[in-house]
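First, the structure itself, so that you have it in front of you.
Chain IDs A, B, C and D follow the sequence of writing; residue 1 opens each chain.
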Amino acid sequence: MMRSITTAQAMNEALAEEMRRDPAVYVVGLGLYPSAGESATSGLVDEFGELRVRSAPMSETAIAGSAVGAALVGMRPVAELHLADFAFNALDEILSKSGKWRYTHGGNDGMKLPIVFLEGIGGYVAGASEHSQSPLALYWHFPGLKIAVPATPYDAKGLLKTAVRDDNPVMFFTHKLGAPGPVPDDEYVVPFGEAVVRRPGADVTVVATSYMVVLSMEAAANLADQGVDVEVIDPRTLEPLDIETIVASVVKTGRLVVVDEDTERCGVGAEIGAQVMERAFTALRAPVGRVANPNLPVPYSPPLEQAVLPSITSIETAILATLTN
Amino acid sequence: MMRSITTAQAMNEALAEEMRRDPAVYVVGLGLYPSAGESATSGLVDEFGELRVRSAPMSETAIAGSAVGAALVGMRPVAELHLADFAFNALDEILSKSGKWRYTHGGNDGMKLPIVFLEGIGGYVAGASEHSQSPLALYWHFPGLKIAVPATPYDAKGLLKTAVRDDNPVMFFTHKLGAPGPVPDDEYVVPFGEAVVRRPGADVTVVATSYMVVLSMEAAANLADQGVDVEVIDPRTLEPLDIETIVASVVKTGRLVVVDEDTERCGVGAEIGAQVMERAFTALRAPVGRVANPNLPVPYSPPLEQAVLPSITSIETAILATLTN
Amino acid sequence: MTLTAVEKQALYIAMVRSRAFEEAAGALAASGDIPASWLSGIGQEGTLGAIVQLRADDYLTITHRGAYGFIGRGSDPRRLLAELLGKKAGYCKGKGGRHIADLEHGILGKSGTVGGHAPLAIGVGTAIQNWGGDQVVLSLFGEGTSNRGTTHASMNTAAVWQLPVVWVCENNGYVGNVPASVYTATPDIADMAASYGMPGEVVDGNDALAVHDAARRAIVRARSGSGPSLLELKTYRIRPFAESATDVRDPAEAVAWRDRDPVAGLRDRLLESGELTLADAEAVTAAAREEMAAAAAYARESPFPDPAAAFEDLYA
Amino acid sequence: MTLTAVEKQALYIAMVRSRAFEEAAGALAASGDIPASWLSGIGQEGTLGAIVQLRADDYLTITHRGAYGFIGRGSDPRRLLAELLGKKAGYCKGKGGRHIADLEHGILGKSGTVGGHAPLAIGVGTAIQNWGGDQVVLSLFGEGTSNRGTTHASMNTAAVWQLPVVWVCENNGYVGNVPASVYTATPDIADMAASYGMPGEVVDGNDALAVHDAARRAIVRARSGSGPSLLELKTYRIRPFAESATDVRDPAEAVAWRDRDPVAGLRDRLLESGELTLADAEAVTAAAREEMAAAAAYARESPFPDPAAAFEDLYA
C-alpha cells in the first residue's frame, strides 16, 4: 500500500520506527515539545517520553555537542538543528568534534559516531539571508561527514532510516518546500550512494538534489516540448556520491549541468564538474554548466529572491547554453 | 632599501603603520599581551596602549563579533583569531554577521564593515587535525568576504595594508611556515585581485597560494631539469580572483594544475578549474589537475601528515599526469 | 529621579505608537502583504521605558521580536513597513525584511540567529570606549537567548573591559511554545550578572516606569564609565511566537497578562495622577493609528525593487 | 568521610606516577622526539584527588594540559608516549598526538579547541540518564576556557536536565602569559554556578585531599541523580604554557607555588601522619620514574605507522 504524505510525516515515521527498533536512538533539539503543527518530531514525545525526545536549551552548540558525547558512549542521537543557518553556531561541534573525531583518534577502541544532524535548507519563502541558506558545500568540503539530500518524501523516509543506522555522522538536509508524495506502508530503507535517474534523456545530463530536482524536472519537461531530451539525475546522497551513474550519463550525453541552490563558488557544481572532468574529460563536449546562487546572500523581497535563486527559466537557459557551446 | 624579514615582522610593520595612519584601526585578539616571541601583534601595545591592542577573553565569538559591532560604528578592527581551526567557533559572526551583513541590510545608510580577520593556516608541523587546517574554500564559498593568502613577507605586508584600508571584511590567512624575505623600507601596498606569475613557463600552468607556492616552485625547478617548463601563478587574493591572468596562462599552456593545502572536495581547485573550463574550454588539453588534501583530517604523525598534505613529489606527479593525458 | 509629566507623556506616546505599529504589521501579515511572518511584540512595550531615555547618539541592538526599538528611537514607520513588505523604499531596499538596520538611529541591523547581537554590542562598546565618548549601547535579548554562548561570552567581555553596555533581558517566559523551565535552570536570568561581577536586577517589565527607573541607573552607570549592568524585565508575549504560528499555551495566562497590559497600565496611572487627560489619551491613540494606517498604505503602494538590484550592495 | 591510609597511598602513587610521566614527556619534548610540543600539567596534580575516585565505568573529559587524567584512570603510559611520538602503537595509531582517546578508560578524546569537551560531557550525561545508570562524568576545564560559550551552554543544559556531571575548573591563573584578571571579571569561576542553580565551590587545588573531599560530595550528588556541581580548583602551572613557549610570568610566583607542590604536600602529610614511610615514598618515586623511563624507551623504539595508514579510520 502507498499513501501520499509529506516529507515531515515521512521523517516522523522513520524516527518512530527506528526509535521502536533501537532504544539507543533518541532525538534532541530546540523546542521539541509542546509543539504545534507538523514536524519530523511531532508527537514522538507521547510515545517515547521526555528523555528520548529531549527539548534542549537554546544552544545549537549544546544540541550538536551533546549528540557527539552521547554517540561516543553508545547512543544514536538525532540532533534537530532546525535550520542550517542556525547550525553555524555548532560548526566546531559538527565539523571537528563529529566529522574529524574518529580519524583524529585513530578509531580508538572501535570508536563510532552514529549521529544524524537534521538541518532545514532552502529559500523561496522570503526567509532572507539567515533563514534561506542551503550550505551543502560547507559540509561536503570537510572530511568525515555523510550527506543525505532527499528530494521526495519516499527518499526522506528511506534515507533517514539508513542515516540512523549508519555508524558515522550524517548530515540530513530537508528543504522547506516540497510536495507530498507516495510512501509505502511497509518498511523500507534507501541505501546511501545510489543515484536515481529521475528522467532518462539523451542530450544533456542534469544533476540536481533536493528541491532543485523539482525545478529541474519542470525545466526538462519544458525543453522536451522544444525537442531537447534531458536526463535528470538525483544523487540523493552527496557523500557517498554515486559518481559512476553521473559519469555514465555524461559519457552518453556529452553535456552536464549541475543545479544547486547553494552559492556557486567552491560549490557542488564545481566539485561534480571537477570529478566528471577527471573521469570523462574526452566525453565532455561543452563546459559543465552551473546553475546556482551567484554568490549572494539570499535577499528577502520575492522579486530579488527570484533573481538570485535557481529558477526553471535559469535552468532551461543553462541547459540550452551547453547545447550551443 | 630592502631588508629580509619574516612574515610576522612584515605584518607587524603593516599594523603599526596603519595604526599610526588611522586612529580608527585597532587590534583585538586572544592573549595579545604580555607576549613572548614574535608575532604580528608583538610590541604594538607599547606604542598604542591597551585600548587599541585589546587582549580579549578567550572567546573567538566575542573577538570576531565585537569586531563587527565596532566596524559598524566607524572603527577598523583587526581581529586576531590565531588559527583558522579555532575560528570555527566564530563562523556565525564571520559568515553571517560580517560577510552577509551589508547586503542583508541593503547597505543601509552607507553601511561598511572594514574588518580584517587574521587566521593562521597550514600543516607540516605535527599540529594534528585541529591545529593544521587551511579552510580557504569554507570562506570563499560564502558571499561578501574578501580573501588574502600571501605567500611572501612582501605580499603579507602589502596585502595587509590594503586589507586594513578596505571597507569590507577581509579574511587574511598566513601560513605557519615560510621563510624570511625581502621587504622594502619604504611604504607600499599590494592591491587585491592582481596575480603574480612567480615563474613563467610554456608547458603547464600551476596555480598555488600561500605555502603551496613554495612547494610548487620547487616542483617546477625539479621538472625544469626534466625539460618540463612550468608556469607558476600566485593569485595572492582568492576574492577578488585575477582569473584573467590564469585563463591567459592556460590558453597558452593548455594545461592546469591547482595546488591547495585545503581538502579537495568543493575546494579551491574545483572552483578555479570550473572557472577556467567556463572561460577557456577549448584551450584545455587535459583535465584540470588537483593537488590537495584527499579529504582527510590532517594526521599528527609526520609520515602520515606527509602522505596527506601536498608535497613536492605529489605536485610533480600531478603536473606530469596532465602532460601525458 | 522622577520623570516630568512631559517625559511620561512622551513615553506613553512611544508605547501607543509602538502598539499601533504592531497592530498594523500584524494586519499586513494576516493579509499576506508581508511575504514572511511577523513576530509581534505586543505586551512587551514596557521595554520602551528603557529605550526612550537613550540619547540620539546612543546605540541599540534589537531582537527578532517587535518594533518598539525602532519606534522608540524615531525610525520612520513607512520605511519599516515598506521593508517588511519587501519594497524598495524600505530601510534595506527590501533585502532584509525583518532584518532591519537604521544606522541613523543607532540600530545596527538584525541578526537572523538569536543571540547574534550580543557580540556586536561589545564591539560598539569598544568603539565608544576607544573614542572616549560617553554614549551607551543598550542590548536587548530574550530569556531563551540567554542560553546561548554568545550571551555569556559577550557579558563576560563587557565586564572585563568595563564597557558601557546595558544588557536588557526581556523574559517573556517562553521560547516558542516551550516554557522557560524547560531551558533555564533558575527562574531569574538576572542571576547571571554575578558571574561577571556586575549589577543584576529583576524588574516588572510591564511597568514602564519601573523599567525606566532601573534602566536609568544602569545607563548612568554605563555612561560614567563604571561598566555594564544586567536588567531582567519580566513580561509576557500576548501574541503567538509568530503570527504564522499556533499558540498552544494556556489561554488563561494571556488573559491574566492582558490585565497587566503595559500600555493601558501606564495610561491608567497617568490618568489617575492627572498627567494625562482622557481626551489626550484618545487623541494619542487615534493619531498613532492614523499614522500607522498611512504607513501601511504607503508600504503597500510602494514599488518592489527591480530584480537587477539583487546584484548590488554586497561590497561597500 | 575520611580516606583510609590505603586510599591516600593510592592517590599519592597516582600523583607521583603522573609527575613522573610529565617529566618523561617534558624530556621527550626537549629532545625533539615529540614532533609538536607538550603542555605540562606539573603543579596541577592535585586534580587527581577528584579523578582517582571515579569508578571504572565513569567518564572523564580532559583538557589540553597534562596527563593526570590518563594516569589517574589507568591508561598505559607506553601507549600514551607512543602516541605523543606519533607512533603506530599509540592510542590513536599516531594520528592524534596530544589528542588522545582511551575509550576503555572512559576518556572520549581530546578537542583541539579548548572548551570543546563541555558539550560532549552533557552528551555523556544524557546517555547515563537515558540508560538509568548511576555513572558520572567528570569534566575538566581551565579558567580561561570558562570564557567560552560552550562552557555556559553546557553547564546550563546540565543543570536544566539535572545531568550527572561534575564540572571541575582548574584555575591556574593564566591563559598563556596573560593573567586571569585580563579575561575574567570575577576572581572566582565558581560564581558561575549561581546562574544555573547548582552548587559551586572554591577548593585549594594543590591540596589533593581537599580536592578529594569536595569532589566526593559532587560525585555523590551526581550519582544519586541530584544533578551537576561546579568545583573550582585554585592552582598554578609550574611550567611554561607549553614546553616550546617562553614564560614571561614573574618567576617569584613559581617559586612560591613550588613550596605548595601538591605531590610533595601530600607526601609530607602522609609522612607526618605515619600513613607513608620515607622508604615507601622513595620506592614509589623510583618505581614511577623507572616505569616512565621504560615507557619512553618503548615509545622511542616503537615504529612509525605506514604512510598507507593515513587513508584508514575516517569512517567506522
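We take it that a residue touches a chain if its C-beta (ideal position, glycine included) is under 8 Å from a C-beta of that chain, and two chains touch if they have at least 3 such contacts.
Just so we're clear, the structure is a prediction, and the values are computed from it rather than from any experiment.
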Pair exhibiting more inter-chain C-beta contacts, A-C or A-D: A-D
Greatest separation from subunit A - chain, by CA centre: D
Rounded Å distance, subunit C centre to subunit D centre (Cα mean): 45
Subunit B-subunit D separation of Cα centroids, rounded to whole Å: 36
Subunit A-subunit D separation of Cα centroids, rounded to whole Å: 40
Where subunit C touches two or more other chains at once, by residue number: 92, 94-96, 99, 111-113, 147-150, 153, 156-157, 160, 182-184, 314
Multi-partner residues of subunit A (at least 2 other chains): 56-57, 59, 61-62, 85, 88-89, 92, 96, 103-104, 128-130, 143-144, 296-297, 299
Chain contact graph, described as a line, ring, star, complete graph or other shape: complete
Subunit A - residues contacting subunit D, complex: 26, 28, 51-52, 54, 56-57, 59, 61-62, 64-75, 77, 92-93, 96-97, 101-114, 143-144, 146, 167-168
Subunit B - residues contacting subunit A, complex: 85, 88-89, 91-92, 95-96, 99-100, 103-104, 128-130, 135, 137-138, 140-144, 262-263, 265-271, 273-274, 277-278, 281, 286-288, 290, 295-297, 299, 325
Residue ranges of subunit C touching subunit B (in the complex, touch as defined): 59, 90-96, 99-104, 108-109, 111-113, 116, 118-130, 149-150, 153-154, 156-157, 160-161, 312-316
Interfacial residue positions of subunit A with respect to subunit C in the complex: 30-31, 33-37, 55-59, 61-62, 85-86, 88-89, 125-131, 294, 296-297, 299-308
Touch list for subunit D against partner subunit C, complex: 147-153, 156-157, 159-160, 182-186, 191-192, 194-198
